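Written below as structure tokens is the structure these notes are about.
Per-chain numbering from 1; labels A, B, C and D assigned in written order.
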Amino acid sequence: MSLSAFPAVVTLPVLWGDQDLFGHVNNTIYIRWFESARVAYWDSTGMRDLLLPLSCGPILAAVHCNYRKQLKYPDTIQVGASVRQLGRTSLKIEHQVYSEQRKEVVADGESIVVVFNYAKQQSEVVSDELRRLIEQVERPFQMGKAE
Amino acid sequence: MSLSAFPAVVTLPVLWGDQDLFGHVNNTIYIRWFESARVAYWDSTGMRDLLLPLSCGPILAAVHCNYRKQLKYPDTIQVGASVRQLGRTSLKIEHQVYSEQRKEVVADGESIVVVFNYAKQQSEVVSDELRRLIEQVERPFQMGKAE
Amino acid sequence: MSLSAFPAVVTLPVLWGDQDLFGHVNNTIYIRWFESARVAYWDSTGMRDLLLPLSCGPILAAVHCNYRKQLKYPDTIQVGASVRQLGRTSLKIEHQVYSEQRKEVVADGESIVVVFNYAKQQSEVVSDELRRLIEQVERPFQMGKAE
Amino acid sequence: MSLSAFPAVVTLPVLWGDQDLFGHVNNTIYIRWFESARVAYWDSTGMRDLLLPLSCGPILAAVHCNYRKQLKYPDTIQVGASVRQLGRTSLKIEHQVYSEQRKEVVADGESIVVVFNYAKQQSEVVSDELRRLIEQVERPFQMGKAE
């Protein structure tokens, strides 16, 4: 699967300062890239516009990253986000990181995100409206079956 | 299980700048804390001294973090690392993050680390010597069975 | 002058991940340390309690850092903040970074901070009350003359 | 003066995670941008190719940043680097940060860089060859007079 399977894709430069003592991009940077892809998803799909008036927003419950290849400066990466599963209160988002220099996927992983009501300070059930929105966004990208 | 179950524990201050727009410690910071705990493990257990002369060092293959509670500045956290499983070429390290302010575990997760030969640029089998060292370090902390 | 000349001093560990490709602590980390010292100043001197009810807070107008010695992991640093000059709308804060490993000052610099009214979205004149507070805090540490 | 006056200009996205609790891009991020512009300068002008065979590289002696306007996500910035003065052992580099969203310069500053011999672990006099290279690079951008 290429990044064409992701509704939200962000293209980001690798910075020299992203590298650590080992001479490759530090592991924390990939987690920041995942975050950027998630934010692009909220913004570009209308999720943000749907949740904000309800005092709700996504909150990260878990993140997982598989580091498959080392990256070095200079490079440009593409990082994708796609909602693969919808639970009762959570969304499972798949990520991939593609290196334009290496011309291959260098990392993948997932984020588990909960819909959080900031006014009530508690998580919320994924509403039917949100479910429909995500399914509509993901359908062209073949979303996996719900949990 | 408390952090007393971890052979390596690092105590770190939460910085104001660790917080993001949502008013809590950003998700990438926990991954940096995990890294600090792994490094403390190499340094304090003798793993580093064993591997360095062989041009070998640990390389991160995967990381997972469960964000269980929000953190705010000011706080001080303790982050632990403990090798729970030894595979043929990999180590599975468990982490916990304990908040001194909240007096509870606020996050946990794991790192999968591979022994990497920097001279040969390839991963290595976990040697018997390394296996013995880790078992000796972990025994007082009840290491789980090997994979 | 030692860090004993600073009303606010924060002690922070150097993290392995603070180091960059050059094998020393990256230049951006010192700027984060300065920030931590400024925040400690607001919190510990009562400045924050004075400004917050007025919808005011400090905003950084400029920062300067002299990198005098290289730092490596492991080390522990102390970073200080002291208001050296009071302008009409700004405060000039001096910083020093002291390495416990090297037993010397490894960096120094200054921050120019403006009192910003977040409700009005504009800077404010340093009030007499704030001026008195800072002079009281700094007197034992021999504050320089006002601009 | 616009960024057209800078021999090295890097275009970078503002990340959501670049923002801090105050809802604007954190002050440390600008320092990272300056670093990216300096690195682009070494790489694109031939400075790196000149210094590396001599075991020499640039080391940052001081940095200064004036924060003139607040930045928010989403935005794209351009950051420039230009050597404005050549000292005996140091280079004074001017920086500007231009916001594509705000269509104005939002920050400026400078870096003082020393030519450092990593083999001898000491700074070096700016060689005639390096001086000629920089003058050639900067001439079309009207370099200021030498100190």
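Here, a contact is a pair of C-beta atoms (placed from the backbone, for glycine too) under 8 Å apart; a residue touches a chain by one contact, two chains touch by 3 or more.
Since we're looking at a predicted model, the values are computed, not measured.
Colleague: Copies chain B and chain C touch; is their interface built from the same residue numbers (over half shared) or different ones?
Modeller: Same-residue interface.
Colleague: Looking only at C-beta pairs that count as contacts, which pair of chains has more of them, B-D or A-D?
Modeller: A-D
Colleague: Distance-wise, how many Å sit between the C-alpha centres of chain A and chain B, to the nearest whole number?
Modeller: Centre separation, chain A to chain B: 24 Å.
Colleague: Per the centroid of Cα atoms for each chain, what is the distance between chain A and chain D, given in Å?
Modeller: 32
Colleague: Averaging over Cα atoms per chain, report the distance between chain B and chain D in Å.
Modeller: 36
Colleague: In chain C, what residues contact two or more other chains?
Modeller: Where chain C meets two or more other chains at a single residue, that happens at 16-17, 28, 32, 35.
Colleague: Looking only at which chains touch which, which shape fits best: line, ring, star, complete or other?
Modeller: Shape = complete; every chain linked to every other.
Colleague: Give the list of chain D residues in touch with chain B in this complex.
Modeller: Interface residues on chain D, with respect to chain B: 16-17, 19-21, 23, 26, 28.
Colleague: So in the complex, the part of chain A that touches chain B is made up of which residues?
Modeller: Interface residues on chain A, with respect to chain B: 22, 26-28, 31-32, 35, 57, 59-67, 109.
Colleague: Can you tell me which positions in chain A touch chain D when the two form their complex?
Modeller: 10, 12-13, 15-17, 32, 35-36, 39, 43, 73-74
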